[in-house]
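Chain nomenclature is as follows: A, B, C and D, assigned in order of appearance, with residue numbering initiated at 1 for each chain independently.
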Amino acid sequence: MRAVRLTIVERRAPAPEHVELMVDAKDLAGRLVPGQFLHVAAGGTLRRPLSVSRVEGARLGMLFRVVGAGTAWLAERDVGETVDVMGPLGQGYPPPPPGPLALVGGGVGIPPLFFYAQRWPDAALSVLLGARDHDSLIMVDDFRGLGLRPGLCTDDGSRGKRGRVTGLLRDWFLEHPDGSVMACGPAPMLHEVARLTAAAGRPAWLGFEQRMGCGVGACLACVVPGAPGGDRVWYRVCTDGPVFARETLYGEGRP
Amino acid sequence: MTPVADLTARVGEIVLPNPVLAASGTFGFGPEYQSFVEMSRLGGIAVKGVAVEPWPGNPPPRVWETPSGLLNSIGLQNPGVEAFIRDDLPFLRALGVVLVVNVIGHTVDEYRRVSERLARESGIAALEVNISCPNIKEGGMQFGHDPERAFEVVRAVVETAGRPVWVKLSPNTDRVLEVGEAARSAGAAALSAINTLVGMAIDLDLRRPALGGGSGGLSGPAIRPVGVRVVYEVSRRIGLPVVGMGGIETARDALEYLMAGASAVMVGTATFGRPDAMTRVIDELPDALRQYGFASVAEAVGAAHPRGRTLEGAPDEY
Amino acid sequence: MTPVADLTARVGEIVLPNPVLAASGTFGFGPEYQSFVEMSRLGGIAVKGVAVEPWPGNPPPRVWETPSGLLNSIGLQNPGVEAFIRDDLPFLRALGVVLVVNVIGHTVDEYRRVSERLARESGIAALEVNISCPNIKEGGMQFGHDPERAFEVVRAVVETAGRPVWVKLSPNTDRVLEVGEAARSAGAAALSAINTLVGMAIDLDLRRPALGGGSGGLSGPAIRPVGVRVVYEVSRRIGLPVVGMGGIETARDALEYLMAGASAVMVGTATFGRPDAMTRVIDELPDALRQYGFASVAEAVGAAHPRGRTLEGAPDEY
Amino acid sequence: MRAVRLTIVERRAPAPEHVELMVDAKDLAGRLVPGQFLHVAAGGTLRRPLSVSRVEGARLGMLFRVVGAGTAWLAERDVGETVDVMGPLGQGYPPPPPGPLALVGGGVGIPPLFFYAQRWPDAALSVLLGARDHDSLIMVDDFRGLGLRPGLCTDDGSRGKRGRVTGLLRDWFLEHPDGSVMACGPAPMLHEVARLTAAAGRPAWLGFEQRMGCGVGACLACVVPGAPGGDRVWYRVCTDGPVFARETLYGEGRP
């Protein structure tokens, strides 16, 4: 865990308003757990947290949507320039538990799940992806390249089913009542995944986003509430997460 | 070889190897940044505010970036003084770095109890009394804006601390000199300035204040001119050493504070962008001192003060 | 064609074609910028502060750039109300743009006399009482930091003005709500906020404060969070329209102030960097309103206020 | 007088830490009076005032020393990029009065005087240039290119005489007691020029620097003091200057 300057070796534009920077990261790449993130200097006062989207040999990827000043700044970086990152940071997803496993990704929550699929080629994976529209439904071909056939949906029906990815998950549980879930996406999606998996009595790990200061647990900016009556009022996304076992945040019962 | 500038800094009776400390709340309780920063090189560490009981803090989002600045609304989340002593102090003590414990409370009594409890512990160089946090008993009035209340709280801590007491000033008041004077007469050994400016950002999408806590504290380079002004005034008018902060990113920024009258400086927000910000400032300080003609930190302290002219004689503000 | 958003803004009884005014002191007395700005498109112009007699202002340097900000120490140089009426008012009147005259003084009586003299002149929509300038008679205490003195000065102007009186608030105090309330009870028609934050920079080469006046006023994007906070609080707690300012550069920034509760906004420092900053904001405002779901300026005003929740109920600041 | 974006057509590096940007400025170039300046956007909150260093057909030059963030930003601009300038601003130098005329320039005060020499090829010009050191003594060859032979001096003696340019002026007046002066440079140099020319009873025009806000007379930032007992307490460098007749700032007597 340290701050390093990594050289950009490739710049991809996988979809409108999305950029994937591939950087040379010998020392880092081997040690990364899917779900961990990098804290990336992006021209402003604060760094920007970005998940690792893939590892290819000594290279790693960061795939992001351009939403504001920081991601716009990063999107302008060229091959040969360096990016200043801290990492690897945080707690990633555990290895696949026995039985069927669904990767449930929403929008820019998809990249860490692709890295997961890449890391665990022999797991019994189903992939369920959702996004607001066609252009935001990223990495579908990457998953197909691994021989997986992701279930797809969009809010506006412009690709895959119309609806939420949690709808796909509900259906999936009908066929895989013994399944587990690794999910990443916006908070409302994660709440619903928590509800569904708790209702099914099945384990789930959830990857959260929160606005960050330090990225290393020092500033207490990035908190999400712990389960009522649980050990702690707040958990830090940067060090306690970003991936949490459902129970940590939602308790043992059905949320 | 040119002689190496002497970086030794003195804050009252406390001697620091260099004038750069970590600012409270931005460096946790020490271990968080240890793989990014050479801890032993720091001039000192001011840890996150500690209260008599655990405080939960505010709902997220707790930070929001602004032009050259950062709004935060952590809400002084902390584990309470007992947990601090049990879980964090041993690590900090072992570092061998000058340790300043930031103290918070809702009432004079709460401040006193934290101070009393810490008095039984070794390895703490000074307490830093944070009097810019809300005083709930007094209906939201802040200790840091009322010289009489400031006097009470500082006296309570000084009576019990058994070590030097620094008082951290709020810039959100027109009475900063009165509050500083109250702290002095209550026995403070030094003042630290500035805490954050109260600010707010609106989340245009959500149509509400961006921070979960509504308003928050503004820090970072944006506030540096306010910090320099407060340090300049306070160091000239109150007979106490001042630890300056607010927006320091480089050795030049640190030197600006020293010349304005600070005996030492703290770095906060800059660490988030560059975890090695403090050691960079330390590394670059000798050159910066030399460039502007100073042989030591001590020489630079207050170098921008007029000789013999007081602020009263200065022209209107603008 | 999508319907064009309605930009009409209302500050009490004054109706503006759009909510964007030039901030006092940054736009001179009108003619200076005329070859750079389409003057007739402005929502209004607040001219430089006018006193009863000419004021010389402060020694140079009078400006200094800071991170995302600007320090100034003009010292309220102005030609006095008679010269203003003779040399500047005819031009301003002929523009046909809503004209706000910023009024300054050392004493209540000086404010009153400016107001009395202007009462005899047509073409002035409102007076803006600048109560953040030093009150020399009171030993440097500022009207804007003392509710009772603020009440006196505002009442003196209201009694004599014969037109709506706006009161410009200082952010350099913890009593901004008390001062705003005093202005309301003295008969103010609106509040404007914020004036600059008191700050300082050091000239490292010269070993002295960079500005000739010592300290100065900090403006620009750096202070936007402070301005938004003051506007949010004041617009919720005092029953007066608020004209918001501090660091507005873009239509998004203007919208942030409107949503925080401003009925109109002023643009100051941004004009120095881009002389057409105001007309750009006006040009981009319809799109910005649409993007965030507003059909008009009026709809956006106060949109970030909680429905039915007051600030007292908000959590601790940080 | 307006704000325009001008395309950089050439970027010169005439001396260490000095850059001259040549920009395409059809509309402006013809209307410029030497001594006028442009207010140039330079990446920060404020613009930077820069004199025009020369006009070549439809192109004009800005020659500056890199001293801080703004000039560093400008120094990084490349050919093909645009710079955002307001201008022409301020009052320039008057046409050459009858008799011998000395152009007295110090450091970055030299460029507007070169433009003057270029504009008035038939005047009876002497050129006296000073700077702190060899590398700061700019535009010497440019003057020579006009057939002029500038007298040179530096503070450290690394080029020309050792000493101040006002020393050269004192000597010049011995030979040209009926001479006039156009000067530009740091304030202490201008004070000395004022003293010398007043003592000689000869006219002088002086080009001043001051920190600016608006550049157009609105903010009252850029003031210099008027002559004691004169018409005005302050004059604005941006609109009343930057070039002032000596009397305006120093009065009729000997300063």
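Here is the rule we use: a residue touches a chain if its C-beta (ideal position, glycine included) is under 8 Å from a C-beta of that chain, and two chains touch if they have at least 3 such contacts.
What you are looking at is a predicted structure, and each value in this text was computed from that prediction instead of being measured.
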Joint neighbours of subunit D and subunit C, given as chain labels: none
Approximate Å spacing (C-alpha centroids) for the pair subunit A, subunit D: 59
Rounded Å distance, subunit A centre to subunit B centre (Cα mean): 37
Subunit B-subunit C separation of Cα centroids, rounded to whole Å: 32
Interchain centroid distance [CA atoms averaged], subunit A/subunit C, Å: 46
Of all residues in subunit B, the ones touching two or more other chains: 66, 68-69, 72, 74, 220-221
Subunit A residues counted as touching two or more neighbouring chains: none
Touch-based graph of the chains, sorted into line, ring, star, complete or other: line
Chain-chain contacts as defined at top: A-B, B-C, C-D
Sites on subunit A touched by subunit B in the complex: 1-3, 41, 44-47, 86, 210-224, 233-234, 239
Partner subunit D, residues of subunit C touching it in the complex: 25-28, 32-33, 35-36, 48, 56-57, 60-66, 68-70, 72, 74, 77, 220-221, 269, 271-276
Touch list for subunit B against partner subunit C, complex: 58-59, 66-69, 71-76, 133-134, 136, 140, 142, 145, 172-175, 196-205, 207-209, 212-218, 220-226, 228-229, 232-233, 247, 252, 255-256, 259-260, 292, 303-304, 306, 311-312, 314-318
